[in-house]
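Per-chain residue numbering starts at 1, and chain names A, B, C, D, E, F, G, H, I, J, K and L are given in the order in which the chains are listed.
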Amino acid sequence: MRILVINGPNLNLLGKREPEKYGTLSLWDIENQLKKKFESVKFEFYQSNVEGEIVNFLQKAMDGMTDGIILNAGGYTHTSVAIRDAVAALKVPVIEVHLTNPHAREEFRHMSLMTGVCKGVIAGFGVLSYELAVRALTEKSA
Amino acid sequence: MRILVINGPNLNLLGKREPEKYGTLSLWDIENQLKKKFESVKFEFYQSNVEGEIVNFLQKAMDGMTDGIILNAGGYTHTSVAIRDAVAALKVPVIEVHLTNPHAREEFRHMSLMTGVCKGVIAGFGVLSYELAVRALTEKSA
Amino acid sequence: MRILVINGPNLNLLGKREPEKYGTLSLWDIENQLKKKFESVKFEFYQSNVEGEIVNFLQKAMDGMTDGIILNAGGYTHTSVAIRDAVAALKVPVIEVHLTNPHAREEFRHMSLMTGVCKGVIAGFGVLSYELAVRALTEKSA
Amino acid sequence: MRILVINGPNLNLLGKREPEKYGTLSLWDIENQLKKKFESVKFEFYQSNVEGEIVNFLQKAMDGMTDGIILNAGGYTHTSVAIRDAVAALKVPVIEVHLTNPHAREEFRHMSLMTGVCKGVIAGFGVLSYELAVRALTEKSA
Amino acid sequence: MRILVINGPNLNLLGKREPEKYGTLSLWDIENQLKKKFESVKFEFYQSNVEGEIVNFLQKAMDGMTDGIILNAGGYTHTSVAIRDAVAALKVPVIEVHLTNPHAREEFRHMSLMTGVCKGVIAGFGVLSYELAVRALTEKSA
Amino acid sequence: MRILVINGPNLNLLGKREPEKYGTLSLWDIENQLKKKFESVKFEFYQSNVEGEIVNFLQKAMDGMTDGIILNAGGYTHTSVAIRDAVAALKVPVIEVHLTNPHAREEFRHMSLMTGVCKGVIAGFGVLSYELAVRALTEKSA
Amino acid sequence: MRILVINGPNLNLLGKREPEKYGTLSLWDIENQLKKKFESVKFEFYQSNVEGEIVNFLQKAMDGMTDGIILNAGGYTHTSVAIRDAVAALKVPVIEVHLTNPHAREEFRHMSLMTGVCKGVIAGFGVLSYELAVRALTEKSA
Amino acid sequence: MRILVINGPNLNLLGKREPEKYGTLSLWDIENQLKKKFESVKFEFYQSNVEGEIVNFLQKAMDGMTDGIILNAGGYTHTSVAIRDAVAALKVPVIEVHLTNPHAREEFRHMSLMTGVCKGVIAGFGVLSYELAVRALTEKSA
Amino acid sequence: MRILVINGPNLNLLGKREPEKYGTLSLWDIENQLKKKFESVKFEFYQSNVEGEIVNFLQKAMDGMTDGIILNAGGYTHTSVAIRDAVAALKVPVIEVHLTNPHAREEFRHMSLMTGVCKGVIAGFGVLSYELAVRALTEKSA
Amino acid sequence: MRILVINGPNLNLLGKREPEKYGTLSLWDIENQLKKKFESVKFEFYQSNVEGEIVNFLQKAMDGMTDGIILNAGGYTHTSVAIRDAVAALKVPVIEVHLTNPHAREEFRHMSLMTGVCKGVIAGFGVLSYELAVRALTEKSA
Amino acid sequence: MRILVINGPNLNLLGKREPEKYGTLSLWDIENQLKKKFESVKFEFYQSNVEGEIVNFLQKAMDGMTDGIILNAGGYTHTSVAIRDAVAALKVPVIEVHLTNPHAREEFRHMSLMTGVCKGVIAGFGVLSYELAVRALTEKSA
Amino acid sequence: MRILVINGPNLNLLGKREPEKYGTLSLWDIENQLKKKFESVKFEFYQSNVEGEIVNFLQKAMDGMTDGIILNAGGYTHTSVAIRDAVAALKVPVIEVHLTNPHAREEFRHMSLMTGVCKGVIAGFGVLSYELAVRALTEKSA
């Protein structure tokens, strides 16, 4: 199974930005952990601060290059109709993840343009959110 | 580890109500599956259609009878300040779960009074939502 | 034909509460009148002030115990997603009735969570609202 | 007893427009059915697509020409302060009827300017809505 | 004089939940204090987490069993039309009390469905709120 | 103990304006009653129709001239950020009082800019509201 | 000087509808009074319940047939963009009049689509509103 | 007949501020014109930029010193609950006047707190607004 | 091909009203131009200021008298549910046109009740809007 | 004449994404069709998923490189103040086009930041929308 | 150059109120600092807690007594149409200043009635805000 | 001291776009002026029309490459959560600047996502806004 893990703006700061809040793991560390834990899965990690490049990357997934997508759109979660449209055009399942719980933060983070076109959402578990999303793509309920 | 799984109104209909949408598993089946899959966890399942009885049950968890709670408050998710207050009074982590993605349904289901006081939210994966929630309580990110 | 007549909070006060406004008939009197007027119908009356018990009762109707439901959800009309969900899970037709016209009262009574999942609504005719609802379930337009 | 039945815009299309939704009966058929079913009642039917003509017709009812009015204001239900004012000026009871349930349709159909000045509302029962409205004007609760 | 003191959801946790915020007195302690301080008043205390049972209890007060009611509806303050209707049906004065100041908390606690049908409101004084409410029922302005 | 009682616009009309609603006591009478009833308290009464003068007076309370303040800001309750800021700058407790229940009046009286920065609120008990506020400042819960 | 006085829906009921509220004078009486009081003015009165006919009539005023217009658009005041556009297309001054004060009535009467395109508004003085409007068109401030 | 003419903030600038818009007459000129035109009326003019002083002045009118009031509350029209309350306490009729049409200006000027408690409103006629208001107080419809 | 061109209120003023803004062509001129330019199309022009008459005319199109409709509903664009319903009942394609761009005008012109039930919208090109609409009905993308 | 055709995010998927809805033509096909149909026009096509690159491209049009622009901003239509500002800075006419009718889709697509600064809008005609836009730039009304 | 520095309610508390937040400098200190730093400028400082007196003072600036105004309207920033109108009547430039950043505080402080009629705004720099405002009035961009 | 000056979309047009409004200076000119005026400061200028590239650039500032940032986010001021998050992650002070006063422009420019995470805001002074921002970073209040 192949899974794309797409991360939006400022997530490249992971491990450096407010480690007491977001943990000390970098995106790179997360990638390695996932690879070690889910050996049968082929991961591809992507991060960009540019809204349109995330759209570009999502479009590539149309050509059969993946079986599922884990999307943490960061700040674009709340503002990007373009990313939403790119997700909606996909046939493979997309899981929305967040490190923290957006509803416990500012009002403008309560609305997600992604949720309506994603298969499901997992939020609030830090790095574990990614692992649970992998399972949501790879496991069947027993 | 002990985990309480609390289900709100109409979730006792699981398996009978719109099986093409919610699956054919009953709450009872889910309980058995979880027990089989997570043998080291001691589960207690509870379901009630009565808002106040869910409050009652949550309060019992204050007395050290559990290490974590999985809460699918059903229709009360969007209307119950009382359940929210009971959750907020707890010290153990509470995970909000939903079988379906509430943001893909009616407008009045987009707002959750629970999210702000829960550790995290997992929605949209059917019965698998419960399994992921168990992992969110029992696993550490690798 | 079997019809369930379900009444929500404070409707047990009928005949006692503000009789100049709601009339002097009790729920019991209404039941007797309906039985006398519609002899071929088998009525079952139910009243509860507890939201979840109304959910419980509605669920029983799933098991083929009735051919139609008349629902006056009282104050829960405007607040209960749980009752709405229970109604939506039913196959038999449900008629929403009100003794008075909610739109002529406070703003928070203008919105009904029931209307969207009921077959129709009859409001403003006092006890006659119930009789008309029985006809809505039993008659065909000539 | 004399009853005016007033129908607003596009209701003259009844039977022709989306018959699978609104039925195959024309307004003329409804009139005949009501006359046959309620022989002791003297009906007068009126239909107009013009807001002001409906106001004109309602005003005539001030001069004692009727004992009750059944009003299906169609699209003007949601926009006409003028018809509302004409209804409010009447002494005879006015019943608001709708073939379908407006709350199950677009958002702008959820608000009715009529409801606040009518005796009651009956909605969602197709042609039967008219028959129930006749009873609401002619019957007493047993 | 007889006074009912009705407490809503989670108030049975008083003394246990966040004592630094709500104090260390239990409801039971408050009851004893009031009885000691106002010896000529006959108190009856009631607490329930179930919305409908609070409606049930309020209805009993219709039968002349009390001269005044002190109501802390807890989380139902902001959501229960059913309790509001039960209060509105009462002839005896009802005083709304809160331990803390709801306007200094979350937005959804700023609106009280109770205030419009209660004689007055006392909020923010901890346990003293109850004592002041007793005086509001028993004293005349000098 | 020293208590300032500050009254806002139109409260100097007390006893003259709509006595059937606000009672026949003037502010002067209230002052005398409070002094007689709470002999150990040293009261200072102040009334002004001018928003800024109430700010001026509140500021004087910064210099240790009082131990507590009872504030009935009248119409400024709903509009004055300036008075709110002056209250917020104080160290002594401020109690918000109202003769009537603002939530039973016009919509624009439902929002109080004062409540968020006051210790508590007492509303709806006429002149007794002031007496209860004195107790809220001077008594401890038994 | 020539003045058109245009009256909207239900104003033909003047004198008949709720005379205790709107007075006993008919539109006809008002016309006669104005003619008697302002002998040098040539009045033309027009009334219609039909929105579009009022538009028609206003358009005629484009052809130089009048020096000013007094417009009481009745219920169309709050809903008619069409009448607003017709008024905006005129070169002669238009005065908006109302017998009663719309702001003391229902919320939906607080917004006037006319006010923005009229020279001024006079409301609340009964029939005198018309006389003042005539003066507003014919007098200069001394 | 005695009439008070009360003018709010910035109206003392009349004649100096934007004369092309508000005309070249000062308040003083208006006073003289009114006195000359309405010789049988005894006018008293008052202007203040201070909200509370306008309240003070309005209260004096309670003591029978006038038969009617013309009120141009300027910027306080949209913000002062205190002036509204003072107007509401008066027995003599109060007429709201404006030189210009507030609805043709910024959104925040569309709402008037005064309108609901005044007998009527006259707006948009410049200085003539005052003359029409005098007639609204002194004339009867013919 | 037969095309109906339906124009709403005040569009009969075209060429006369603000020619610098709407051009100097009358509806009659537009009709002649279209006929000359699109010789193979059979045009029927209709204009009315009366909402209901536009509904009447649209209904005629149900009887196969046209192959497509160009609708400029003028001021009714923003207020008429009745015209919307008539359009929705049609089987032939309806194109919404506007001479100017409504979004560059007042807020209340930003919402169109027509857009949701029309095939497409063309706005802002003056008389050319009509020509483009004819092409939208008659041409296929190459 | 030179025309730039600028397409926003996901429009590069045209022909591949939901062909039953958007047709089977690619952007490339559209370009070729336009070139063939309008031989005298010199087209330049541009597509980008990146908001800022569209701003970059629009800015180039400031240097006289085009006589008109056709803009389909895709998802940025509803969110990009930056593109709006770039459009507003241009002297050449810009036409907003959409393949489908945004008002028949989700609520968040009803608001267009582009419309206010574009000459006109054409929506709902699929690829034909582009052809009509070319005519809107090149033709004069006959 | 002459500059007026006008300070609104509670700013006279500067240095005393929450010094850790607002600094230890009094208004008097600020005045002295400005005078020392900008020797060529003639400053006049004014502070009042009374809305109308600030209006009074601003009006004096109409008579040529100043070349620019620095306005910190404090709590009146968000509520005073009267001060806004006085500012709008001025010909000299007015700079809005704030010690702290109002957007980082309560919601009701996010809206400023002043900003729309001031030349510019400087907020968030403590006492330095005043110095920057002096430069904004006295310097030209290099 | 090192200061980054970051400019968002369309600011590269400065000097070319509407020079009568924004002045004739280019960004390049501003940079030169600042360097000449503040010789002891080391400036780095950056401009991009791409939201994500501004995020990229802001992130570089995390690595100690600057002592303060001046940010004019242009159109992204009102829409970019991503830039806001990047600013919030910084330790160095960030000053929000605008050439014009956004509150005197369209409604959608009144809300700034930047303000809440910036040290302060300076708006409305044209190029001088930048100079004042430099002082806000480099000067201490005297």
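Just so it is clear, contacts are C-beta pairs under 8 Å (C-beta built on N, C-alpha and C of every residue); 3 or more make two chains touch, one makes a residue touch a chain.
All values reported here derive from a predicted model rather than from experimental measurement.
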Q: Quickly list, by label, the chains bordering both chain E and chain G.
A: none
(Q) What's the minimum number of touch steps needed to get from chain G to chain H? (A) 1
(Q) On a C-alpha centroid basis, what's the spacing between chain K and chain L, in Å? (A) 23
(Q) On a C-alpha centroid basis, what's the spacing between chain C and chain J, in Å? (A) 55
Q) Taking each chain's centre as the mean of its CA atoms, how far is chain A from chain C in angstrom? A) 47
Q: Quick one: which residues in chain A touch 2 or more of the other chains?
A: 50-53, 79, 116
Q: Check the chains against each other and report every pair that touches.
A: A-B, A-J, A-L, B-C, B-E, C-D, C-E, D-G, D-I, E-F, F-H, F-K, G-H, G-I, H-K, I-J, J-L, K-L
Q) In their shared complex, at which residues does chain H touch chain F? A) 50-53, 55-56, 59, 62, 79-86, 89, 113, 116
Q. For chain A, which residues are in contact with chain B within the complex?
A. 25, 33-34, 36-37, 101, 103-104, 112, 115-116, 118-132, 135-136, 139-142
Q | Touching residues on chain E, where the partner in the complex is chain B | A | 8-10, 12-13, 16-18, 48-53, 74-79, 106, 108-109
